Each structure stands twice: as structure tokens, then as C-alpha cells.
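Letters A, B, C, D, E and F mark the chains in the order given here, with residues in each chain numbered from 1 onward.
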Amino acid sequence: MNITNADRARILVHALPYIRKYTGKIIVVKYGGSAMQSEKLKDSVVRDIVLLSLVGIKVVLVHGGGPEITEMLKKVGKESKFVNGLRVTDKETVEIVQMVLAGKVNKSLVNIIQNNGGKAMGLSGIDGHMIEADFRDIELGYVGEITQLNVQPILDVIDKGYIPVISTIGCDRKGNILNINADTAAAKIAGELSAETLISMTDTSGILADKDDPSTLITKIDINDIPGLIEKGIISGGMIPKVECCSEALRGGVNQVVIIDGRTPHSILIETLTDEGIGTMFTKDRSQT
Amino acid sequence: MNITNADRARILVHALPYIRKYTGKIIVVKYGGSAMQSEKLKDSVVRDIVLLSLVGIKVVLVHGGGPEITEMLKKVGKESKFVNGLRVTDKETVEIVQMVLAGKVNKSLVNIIQNNGGKAMGLSGIDGHMIEADFRDIELGYVGEITQLNVQPILDVIDKGYIPVISTIGCDRKGNILNINADTAAAKIAGELSAETLISMTDTSGILADKDDPSTLITKIDINDIPGLIEKGIISGGMIPKVECCSEALRGGVNQVVIIDGRTPHSILIETLTDEGIGTMFTKDRSQT
Amino acid sequence: MNITNADRARILVHALPYIRKYTGKIIVVKYGGSAMQSEKLKDSVVRDIVLLSLVGIKVVLVHGGGPEITEMLKKVGKESKFVNGLRVTDKETVEIVQMVLAGKVNKSLVNIIQNNGGKAMGLSGIDGHMIEADFRDIELGYVGEITQLNVQPILDVIDKGYIPVISTIGCDRKGNILNINADTAAAKIAGELSAETLISMTDTSGILADKDDPSTLITKIDINDIPGLIEKGIISGGMIPKVECCSEALRGGVNQVVIIDGRTPHSILIETLTDEGIGTMFTKDRSQT
Amino acid sequence: MNITNADRARILVHALPYIRKYTGKIIVVKYGGSAMQSEKLKDSVVRDIVLLSLVGIKVVLVHGGGPEITEMLKKVGKESKFVNGLRVTDKETVEIVQMVLAGKVNKSLVNIIQNNGGKAMGLSGIDGHMIEADFRDIELGYVGEITQLNVQPILDVIDKGYIPVISTIGCDRKGNILNINADTAAAKIAGELSAETLISMTDTSGILADKDDPSTLITKIDINDIPGLIEKGIISGGMIPKVECCSEALRGGVNQVVIIDGRTPHSILIETLTDEGIGTMFTKDRSQT
Amino acid sequence: MNITNADRARILVHALPYIRKYTGKIIVVKYGGSAMQSEKLKDSVVRDIVLLSLVGIKVVLVHGGGPEITEMLKKVGKESKFVNGLRVTDKETVEIVQMVLAGKVNKSLVNIIQNNGGKAMGLSGIDGHMIEADFRDIELGYVGEITQLNVQPILDVIDKGYIPVISTIGCDRKGNILNINADTAAAKIAGELSAETLISMTDTSGILADKDDPSTLITKIDINDIPGLIEKGIISGGMIPKVECCSEALRGGVNQVVIIDGRTPHSILIETLTDEGIGTMFTKDRSQT
Amino acid sequence: MNITNADRARILVHALPYIRKYTGKIIVVKYGGSAMQSEKLKDSVVRDIVLLSLVGIKVVLVHGGGPEITEMLKKVGKESKFVNGLRVTDKETVEIVQMVLAGKVNKSLVNIIQNNGGKAMGLSGIDGHMIEADFRDIELGYVGEITQLNVQPILDVIDKGYIPVISTIGCDRKGNILNINADTAAAKIAGELSAETLISMTDTSGILADKDDPSTLITKIDINDIPGLIEKGIISGGMIPKVECCSEALRGGVNQVVIIDGRTPHSILIETLTDEGIGTMFTKDRSQT
């Protein structure tokens, strides 16, 4: 690429209206999948987040960590059982989950953000009892359903100038720690914070009209059209619960939800600060789109 | 130019360390010359300033307005006399100066900044008696030399979130309003504000070792080398007082002063947010460069 | 006058209940006419304003400048055309208006206030895009009608301890600058600020029952009685639009509007801090008078 | 007196520079003597104080109460013994002192200030343990000498917008309550608060060169000249301790101390807001006078 | 008693849930009776209050002073007349009341609190015109009925970190000072402050089902049951007005009102920080008990 | 134990002077050893901390976690090598350390504090890059020596009302995460925070003059006497580095350091809020003891 600094300046200037749109607002990023596995992509995500943070956008990072958990369980010789695609989580497993999410993934993310010039603080649903939950299904074990979300710790951390990085474990009233689905938590957090945008990073390029043809990407979906799209099989499989989280976030007060392809470098920045928009955006009201 | 959004994102990310460097700091821009005459260049300057402001940099704009003053004097049938290259400013002339600077140029700049999404407030040296001055030379008439600079009004306006746009007229203790050289005022203001950078826009590409060969641009000059460069004639003519203002700003506490070519679009952004740097930078200490 | 200091003390004490009434409240003064032409009267107005400001009243000064504009137009050899008593304002004229109001009159007022111990900052409707307007009538040219009034810049300036001095020029969305009637602007500003009082300085002693007999001054008029007084011809000519501004201010939330005689020295102080009251006061509700 | 409102306005304007001088500063008024015995004079003092408070001056009122104490002691059939002109204060007497000062005089003053539109809070040296003291002389009984002055309660009350009204009783470390001389306490309080002025109200017109000729009032005395004036007998009798308090206040950081005649109505206002000045002013440095 | 420090620690820990319950909340203590007559009990009450204050509870102390008033009246040879059990209060009497309450009792309490490590400021209903009142009954003389309660002075004093100690005298619009019943005032103050608890100290162990058998203490009474208990004679005599104050406080917004036995040392602490609860608690709603 | 509520009240009152001493000050608790292994002792420690926090003391909890780390290493089949008693920490081991400390121990402590009514937030040396470190000894692997301590994140968390719970892992400039000795970190943190007290919990009853006789506990040691005690063998073995941390904390600005026996329930509370004091206190200056 042969781009002059004059080009660079023009490009920065083109970002102006987008920066203005988001400045002072909250963007919740649900971070997981490939974007978290590749060091290069992780680096690209972190830089995007630090840049957004520097231009005055309040970014909240909610991360998962499935593969790291699986790897650690393997290490301790623990096999994962699944019921309906959900990991059965016994006492020992949830301890591993807690350690991997809040100890390893969370602090490592904080570390990379700091090394890229951001200011970050890692939180879990335990800190300030942010995520209160109940056992969801006795068969699944220590898997929680959020009963009360207290976003004050997130606001406190933002107020002190940090990017909050959040592990989605929760606690019940008896002292148990429970594993919480990160997509669900991110959607609820975004709603409770009245975030401007929830960006959900996935390993797909978004919702495709023809799942085998990336050129059939649906760029905008109204919340009311979701049931139809599920019926037609356009939204299917593992995408269904993700899309349901999108709906919930929109109903909870988030302005827009975007599913973007975490495999594309700088996908967050492309989505927020350029005129392209990538992935599929969900909105609540046709009149707003 | 065929630049993808992925390129754009990368370019934005490359601006990261520069944004970090300046965020929360003050940049004083002395704005004048060609960059103020051409509508297109004016637009490019204003967008640069609004962008810097949006990414958390505190920009203070100090403007001149020589050509507009000359034009207005012509309109009222007033001929300008010059003594040693300085305009003799009688009572009627200084009123025109006041009107053109604080009324026309200032408010028009504020208007364009606002139209580009910035938030600006126009100030003159009269507001809050920011610039107190004395007659400099009886022969020159209402031309002032700064005796006291009170930057509180600038800080107040910054604190309320506006970009201060400053006309350099001053007042003496007897109620007279005096014309103040904009380069001098900008240098003093930058010093008093302990600005990170003073950017002075000129109609040259900077200091050239061979004035006829633009490729001989000197990109960095230590304050101690200035006398030698004047002696050798490398800094000469109208550039001498400008460079002396640069020296004064550095001595007054500004970290670096840059003379940039106002004829290049987005020269402010190129200077501040890219790795190029354009024009000539003056610094105080070889060890710091 | 042979007044002892004991008398002086008693007089100061008599001002007590009036100071208490206004302390912490906003008084908008529409300043124009003779009171602005005579240096002595100008001095008296400014001292009144500084005193009110010192005793804790928030004064907002909105000024006109018709005669200065006419004089300047004359200087540049521009003749003023009038349509229905309103100046036709072409592009060149509005530039003169902008310069005279925001550059000359405004900054000169700020200068005098500062010289009398007040702290002032000059604003125009352009700063912070305070006054947004549209062309009022294509025939009249650059004459604007207020479409949106944003008083935040006024509040910001008050909050920082300055007396805001306001030139009534406005801007439209295309970047044009428009001339705005100062009476109308002052009324809207007073309304938007929920001012306690709007004081409008005129060159008459108020509304006279018999216009040739100053002893027939009507000291208080209820807003509902205005149409009747117009019908009877008691309010007539140039006073009609002024009185309509009064009505609008009252409807907009101002508690009382007073038309005072700017030709009387210290008329503002007499109106606000003594038991006399001069001129004609307009109020909204008979039950309040 | 036939004074027009125009005169009134001019008089208010003449107070401008004096208001400016004191605004935001602290004036401590030591209140006692005739000015406290006559209801009319009390009313005049209170109005002066409320006016000063309304124009932004922080007034601290320190009061005595000798005659009320004597009267109450008489009522309970207690005779006062004096040693060197100082009342011997036994346990029962100091209880009467405490009740009369902090209960009767203090609250009655607060009541009158409030009824005149001021906002006042009564304090004693006990509240927040403002005045810590020790027995001064065993023979005198419960008479204290200030050992530590903690002005925080005064500042707290000022900060909340009240005029502090202070009774000068103090406490020792063993729980005893002691009578404190009001002149001494006022001087120390003024010093500790770095008051601009301490005004001490007396029953004389000030220091007279010839004590029988009121026209020989000495209007200004430098602190260094006091010993000489005492030697010459010009300062004598009960005035000596008063003047020593003045000296101490000046040395403690007060800018000027004035002894004024409490028998003159509005003497406080005449002293502070007019060009007359009444009584005798003490200053620290000839060069400052 | 042989209590180890380990026991002490456990006891402190047991206070934890009670401290948590009250922390940051307001407790109004109506202080009078035996608890105010015995030095030892006074000491115990003050220590309780200082401790509550140190653990973050905002205590407001409202005191009476009947016996001290009676004693002082005796000293000045004034006999008290009573009408229906209420003291007839002439001008001279109310002055004694004012002196004893605001001068003696109030300041002495403040002194003891300070000596026990608390920070206190004494207030009366006169300060900041906190208690406005009217003559209640012409026959009773200077006895007031509260017409307006302005708790701002209390909040101001709390905000500055002091324990407010309040004498219940009030003022009318004509400048009269009136005696106010302390039980009534405490109830109103607690209501206006939305206190968590009003603790009323009496000389009984609470409401007894059989007034001769202390073991029949009724520990909790719903506000709706009060009329029935009065009818049955269980609440009778001087307890009736006290209980009516409790009702008023509950209706005014206080969460719970407790009548405790001031003769028991540390009864306030036992009531608030232990699981015992002493005396009789009044609550508004059976469902809450 | 047969302790009445009256006893309880008296005991609470006895804690008064101790609460006063610490209120608003910082106590750093280094938590580890037995006190962390037994659930009952953990509960007792947490309650102590919550109580201190409720009475206005700012507690900072720094925890270790050696046994949990060893256990986890065992689970993943990793054997620990030791060099001079220090664990050799390879890349895989430090990841386990990070997970166990920041993920398991930290969040579990936060959870228990919250369940006991405290408000806690877990931090590690990574958050806000609080602990910057360098490799200490290449042979030991990922074991760090603190190079820079940035306590701002701790202060931010305290300022928002949380008890900071800190895992002592650090980071170097290359992105490595390093294991940091908890005793050293706690000492440095206490110093940097100018803590009033550093409480270090151990599994001994303190320094014994005769190590086999608990009755020979030395209750106070001056910092200058430490070398002598080491020489005499009274301080020996694993206690030496602990005591050196105490010295460093004292030199760093901590007022007093106490080594207490974590095996005694409520030892923190006994040390801080009773007159006993347990364990050995270290102070800097004989004159202060």
C-alpha cells in the first residue's frame, strides 16, 4: 500500500463524524471466538478498543474463554460432558472456569490493553456482586441464570478512567460461584448501561441470506423480522441464541447491536469509525433504520 | 485513491501513539496567511482542529487577519502607511482592525468550526482583559506591546468544552484598544498555557538550507542554533521575527514549536497525528530531540 | 447636593430588600438608543450593571447598534434601503453589521465594563451557535428570524463569573450569518433563561396615557391590556413591536418586563434597587401586580 | 431630607469601589457597648451586617454582653466582685455568663438578623471546641485565657452561607467552661481568619488627641506609634487593653483594625462603604497607609 | 465480669449487622428525664451517641431541660404556674427558658460530646429560623406550636461532620421567642428528616401491659393499636402525649420509634447495636413488624 | 459465655477510642497462612475486615495463596522445584499462579466479603499496571522484583467505597506476568499508601524471646533492635524475610507494623479495637513507643 500522509490525514478527517456520533457514549464489546485465539487478531482488537477509548468512547469489554477452559480441564484430566450443547459444570469445573476466566483470560487482556497504552481494570461478576444468579438447571450444575445485574462497579471503574474488562461469572446468595454465558451477560450489561452499541464478535461474517454465499450478507435486520428469519432457516444453529441476545439487548435499551466477523482485523474500528459497516446490524424499529 | 476500510482502520490505529502523546494537552495554532485566504484550505484547517479537539486535545486558535484589514481599509478609503514594514495605526484604523478581527474573522471562524461539528467560542484580548498592552512606539500609533497576559478566560472557555478562537487586540489602562501582532501573542499565550506545541502556519515550507531548493528543508532546529542560521542568512527577512517568536515560546515553557506550510491541506493533522512531521520544528535542547 | 455619609448609609440600607429580591437571579438588559450614544450615559449604564453584578445579581447585557451600523455603512459608501422600516441587508451589509456589532460595539462595551471593575465576556449568536435563525423575508436579505435559541454559552459564561455581553447576530444551517433584531433576541433570551426581569432601555419615558404629557406615565400594564392600549393608540408606532417583545418575554417565563428611559442616568439602578420604579412595567397576571 | 432616587442611585454607585474592595473577604465585627443596649442602634448594626453579607462580604459577629450578665447576676441575688477591674467569676457566675451569652444574647441577635433577611447561626467557643482556654488567674476564678483557637466551625458555618454569631466562652481540657474577654477573642479570631478588617465598636468616637475635644480625632495610627501614644496619655484607661487587642490582631494577620463609635447609627456601613471612614484606624505599616 | 478480648472481638462482630442497618442513616434521639439528671447516665448517653456517630450513623440530639428551667426560675424567685399540666410562660419565664436551654443545657451537652471525642454543634430553633411557631394558647403565654420546620440548618451541620444538638425554642414572625415542647419537636424533626429511627428516652421501661409488672413489657406496638391501648388504660397519663408524638413521627415518615428507659446505662446502644432491643417499639404497619 | 447486652454495650463503648484512632486511615492486612486455609478462620478474618471498613477504616487486603498454588500444580501434574526455598517458576507455573491467585483466591475472598455485607473489588498487580516488576533471578524463572508501584488503582477503588483485595502478580515491560512475594508487596503497598498500620498474619504467635515458650512473646520491637535480635537467633528462619518486610514498610512511611497470629479468631479486631494488642508490634522510633 502506498498511502501518503496526506491520505492518512484525509482518512482521519473522514472518521470525524463517526467519532462525534459515539463520543461520551458506551460501546459494549462481546469478545470471543477466533478473535481471541489468534495473538495477531487479539492485538488488533485491543488496539481498536484503546483507540476508541482515547477518542472519548466508553468501551466495556466482556469476554468469554471457552477454548482456554477446555484446555485447562484437559490439563487437570477432567472430561467435559455436554447436555444439549451446554457444558455440565460440576464444582471442580466451575473452579477451573473461575480461574481461567477471572485469573488468566481477564488479567492477560488487561495486560495487553495496558501495554498498548490503554488503562484497564479487570472485573468479574463477583466484584461488588455485579452479577447475581441462580442455578439454571440442576442437571447442568454450576451454570447460572442472571437474577440481578448491578452495573455500579462498571460505572465506578469507567468513572475512574479505566476500560472495564469483564469475566462473566456470577454468584448466588449462598456463596456459590456460577458460570454465566458471556453472550447473555454482555447483552444484559449493554441493556442496563443503555449502551449506544453492542458489538458481538463471532466467527462468521454475519447473517447470510444464502449461508454458502458470503456475498448475500444481510447488513441490517429489524428486530421484528427475526422470527421470520429463524423460521426460514436463515438464522439457525448456534446463531439463534446469539441473535436472541441481540433482541434482548435492543429491548433492554441498547440502540443497535452488530454481529461482526472477529476474523477480520480491525473489524471493530471498521464498524464504528468508517462508513462501511461490516457484519449484520440489528435495530429495533424500521423507522430508525 | 483506492483505499479499503481495512486500510482506513490501520491508519486510524497508526494515529494511536500520536493521539496518546497529545491527549489532554494544549496545542496553540497560530493561523494566518494563505491557509486563511483559501476557503478550501480554511475548511481543511478547521476540520483538523475539530478532529484534534474530538480526540481530547485542547486546541487554542489564534488568528491574524492582515489581508482582510487591508481590504476593509481600502473600502473606507483609508490608505495604510508603513514604518519599517509596520502599519501606522491611527485611531480610525485601530477601530477597523478591531471590527475586522473580533467581528468578522473571529466570528466567521467560530461559525465554520461549529458547522464542522466543533464547539467554539470567540475571544479577543479585551474579553476578561486578557491582553493588557502599552503603546509600543508613538510613531506607529495604536500598536501595542503586551504588558500582561491573563490566560484565565482561555482556560475558562476550554473548561466549558469550547475551542477558544482568539483575536489579538489588547487594551491599555486608559481604555484604548491596541493592535497586537498575532505571532507574538500566540507565542506568549502558548508559553503562558505551557502548551505542548505551538504550530505556526506560514506560506513557506519551513526553513530551507537553500531557499531555492525545497528539498533542503531543515526539519529540526535547536533554539541555540538560531543565531548562527540568521547570521548565515538561512533564516532571513520576514522569517526572522517569526523565528524569534518561536524562541520566546520555547523559553516561555512550550515543549516544541513547529512552522508548517499552511498551503498543504491537513498540514496540522499530518504534523500532529502521523509519523511524517512537516515543516521545521524548533526545540529547546539538543538532548530532548 | 449636601448628603452626609449617614444619609448615604441609610440609603444603602434602603436598597437591602431590593438586593435580597434579585440576588442570585438573572436580569437581562436590552441596551440601545440614546443610552448607548452618549458616553456619559454609557458610563452610567455600565456602572449600574457592575454594581448589580457585585451584589450577586446575574446581569446579561444584550446590545443593539443601529447608529454605528449606519455610520459604518456610510463610510464604505453603502446606502441603506428600507422596506417597511426594516433595513434591506445584502451580503456586504450583513458583514458590516457583523463587524460593527460583534467587533466594535461588543468589545468596546466589554472594555468599559472591565475598566469599571466588572468581569465581562463578549458573545455573539455565532459563538457556540447560540442563535440559530432562518431568512425572514427574501426581500429583506440577510435578516434572520430565530429558529432555535441555545442559551448554554450564556450560562457557561455566567458560571465562570463573567457578565455576558451579547451581539445579536445569528447563523443558519448553511453557514450564513444573519442580522437579528435585538429587542426580539433579548426577549427570547430572557424567556429561555427564566430571567426575573427584562429591562428594555428606550428613548421614551415609558407608555404615556397622553403622549404629550409625561405626567401621564402608565407605571404598570397587564399583558392582557396591551391589545386595548394599542387599539386606543396609546401604544403606537415603533413602540408596538417593542411591547410585543415584552409580551413574548412574559409568556416565555420572565417575571416582569420594564421599559425604562435610557436618557435618565442610572435608570437601571433606580428601577431595580429603589422604591421608585421608573418607566412602565409589564406583568402577566393582574393578581400578581 | 429630600433625596431623589437619582441621588440614591448615585450613592449606590459610589459604594461600588468599596464593595469591590471587600467582596469575598472577611470582616470581623466586635459588637458591644451602647450599640448593643439601644434597640434602635442594635437594629442599625444588624441591618449594616445583613447588607454587607448580601453584597458578598463575609461578616463574623463576635459579641459581648457585660450589662446583661450584671443584670442577670442581680436577679439571682449574686453580687459581682472585681479584682483590678475584672469580675471574679465563681462556678455559679460562669454558668450565668454561659446562659446569658450563649442562650440569651446570642440567640436574640441571631433572631434579629434573621428577621432582617440575613441567615445566621449562633456559635460559642464550646461548639466544635472552637475556643480552648486555661484558667488565667486563680484569683479571678472561671476566667480563661485562649490557649488554642480552632476557627474551622466558623469557616464551616460561613461556607454554608450563614453569618456566624459568636459568644466568647471557652473550655479547658477538664470540661470546665470559662469566660473569655470578647475583645481578645475577636482579635484572635480575626487574626486566625486573616480577616481584611476588624471593626471594634466602642462608646467613644475613637482616639482623640485632646480627649475633651472630639474634633481632635486621630483617624489613623500606625501600630508602632501606639506605645508613644500610651506614654503621652492619649491612649489611656480602658482604651489601653482595647488598643492592645488591635495590635495583636494586626500582628496576627488582619489588614486593618478600626475602632468606631457604636453610638452613631450605621457606623459600620459608613466605615466600610463610604469614603468617610469614622473612628480611628490602626494599621501595621506606615508605607501601607 | 471476666470477658476476654476474644469475647470482645466476637461482640464487636455481632454488632456488624446492626451497624450495617443504620450506617449513613439518621437517628434522632430525644434526650431528657433521669438520663439527663445523673452525670453518670449523661456520660453513658453521650458515649453511645459518639460511638454511633463514629460508625457512620447520623445522630441528631434533641434535648429538653425541664428540671434545670425549674431550678433557674426558683433562683430568680419566679414561681411556675401550671394550666392543665403546662407551665404558664410569661415574657420573663421564656427568657429563662431560652437561656437555660440554648445557653446552659445545650452548650454543656456539646462540651461533653466533644470531651468524649465527638464533634458537635449546638443549634436552637432560632438559628437559621429552624423552628417557626405561633402562640399556642393565649393563657399559656410564650408557648409555641410549630407552624413551619426548616431542617436545612440541621442538614448543613451534619454535612460538615458535626452532631447537631438542638434546643427546642422557636420564633414567630414578630420576633418573639417561644418555648416548644421537646417531644413534639423531636417527632417533627425526625419526620422531616425521614429518620430511620426516633429514640425517645423516658423514665419508664416502656409500655407495660400491667403497669405494676415490668415483666409485662410490650416490645412492639402497631400504630393502629394505640387507640385501643389508650382506651384500655394501658397507655395512660403523661405517656399519652409521648405516644402521640410517636404516632406523628411514624406518619411523618420515620421508620420506627422506640421509647426506651433512660435509667438503663447504654440503653441507646443496646437498642441500636444489639439483638435485644429494650423498651417499646412503635411501627406503622403490621406487615412490617 | 453469659454476657448481657449491657456488657455488650460497654464493650462497644470501650472500642470507641480505638475506632477514633483509625477512622479515615488505611490499614493494610497481609493475609495468608492458616488463617486462609481454615474456612472458620477465613470467616473470622473477613468479618473483622468488614467491621473495620464499616466503622470508617480503609482496609486494603493483600493475599497470598501458596498452598492453593501447590495443590493446583499437583492437579496438572507439575512438580515444584525450589531453589533456596523459592519456587522455580516456569512459564506454565506462572500461568497457574496467575489463575489461582487472581482467579480463584481473589474472587473467592471478594465473594465472602460481599456475603458478609462488605463491598469489595478484586485487583491484581496487572490492573492499571499497578505492580511493575523485573525478573529477579534468571534461575528462579518468572519471579519478579517490584520496580515500580503505582497505587492509584487502589486509591481509585477505595474512593469508590470498595475494599481492595489484591493479588500480588506483576508485569514487566515486555508483557510477561511475574509472581511477586506477597509479604514484600504488602510492605511496599503499605509504605506507598502511608498506611497507619500493616498487619501481617502469620502462623506464629509473634516473636518469642524463647521460641519454645509462648509466654515470652516480645510485644514491641524497635526497628533498630532487629539486627541484634537476628544475631541472637531470636528472629530466625522464615521469620527473617518477614521481619525485613516490616522494616521496609516502617522505613517507607507506615506508622506501625504488627505480626499477629492468624490462628487466633478475630485477631485483627483484637489488635485494632481492643486494649490488648496481640503478636509483636514493630515501630520506628523508641520515642514513639
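We adopt the following convention: a contact is a pair of C-beta atoms (placed from the backbone, for glycine too) under 8 Å apart; a residue touches a chain by one contact, two chains touch by 3 or more.
The model shown is predicted, which means the values in this text are computed figures rather than measured ones.
Asks: Both chain B and chain E are touched by which chains?
Replies: Per touch definition, common to chain B and chain E: zero chains.
Asks: Enter the minimum step count from chain A to chain C; a value of 1 means the two chains touch.
Replies: Minimum step count, chain A to chain C: 2.
Asks: Please give the intersection of the contact partners of chain C with those of chain E.
Replies: A chain counts here if it touches both chain C and chain E, which gives D.
Asks: By mean C-alpha position, what chain is farthest away from chain A?
Replies: That would be chain D.
Asks: Out of A-B, E-F or A-F, find the interface that copies B-C, where copy means more than half of the contact pairs are identical.
Replies: The pair repeating the interface of B-C is A-F.
Asks: Taking each chain's centre as the mean of its C-alpha atoms, which one ends up farthest from the centre of chain C?
Replies: F
Asks: Roughly how many whole angstrom separate the Cα centroids of chain C and chain D?
Replies: Roughly 45 Å separates the two chain centres.
Asks: Could you put a whole-Å number on the gap between the CA centroids of chain D and chain F?
Replies: 56
Asks: Counting only Cα atoms for the centres, state how far chain A is from chain D in Å.
Replies: For chain A versus chain D, the centre distance works out to 69 Å.
Asks: Using CA atom averages as chain centres, what separation in Å is found between chain D and chain E?
Replies: Chain D and chain E have C-alpha centres separated by 36 Å.
Asks: Chain E: which residues touch two or more other chains?
Replies: none
Asks: Looking at the complex, which residues from chain F come into contact with chain E?
Replies: That would be residues 1, 3, 5-17, 19-20, 23, 44, 47-48, 50-51, 54-56, 116-117, 264-266, 269-270, 273-276, 278 of chain F.
Asks: If you look only at chain C, which of its residues touch chain B in the complex?
Replies: Against chain B, the touching part of chain C is residues 72, 75-76, 95, 98-104, 106-108, 110-112, 114-115, 119-124, 126-129, 153, 156, 159-160, 162, 169, 171, 175, 177.
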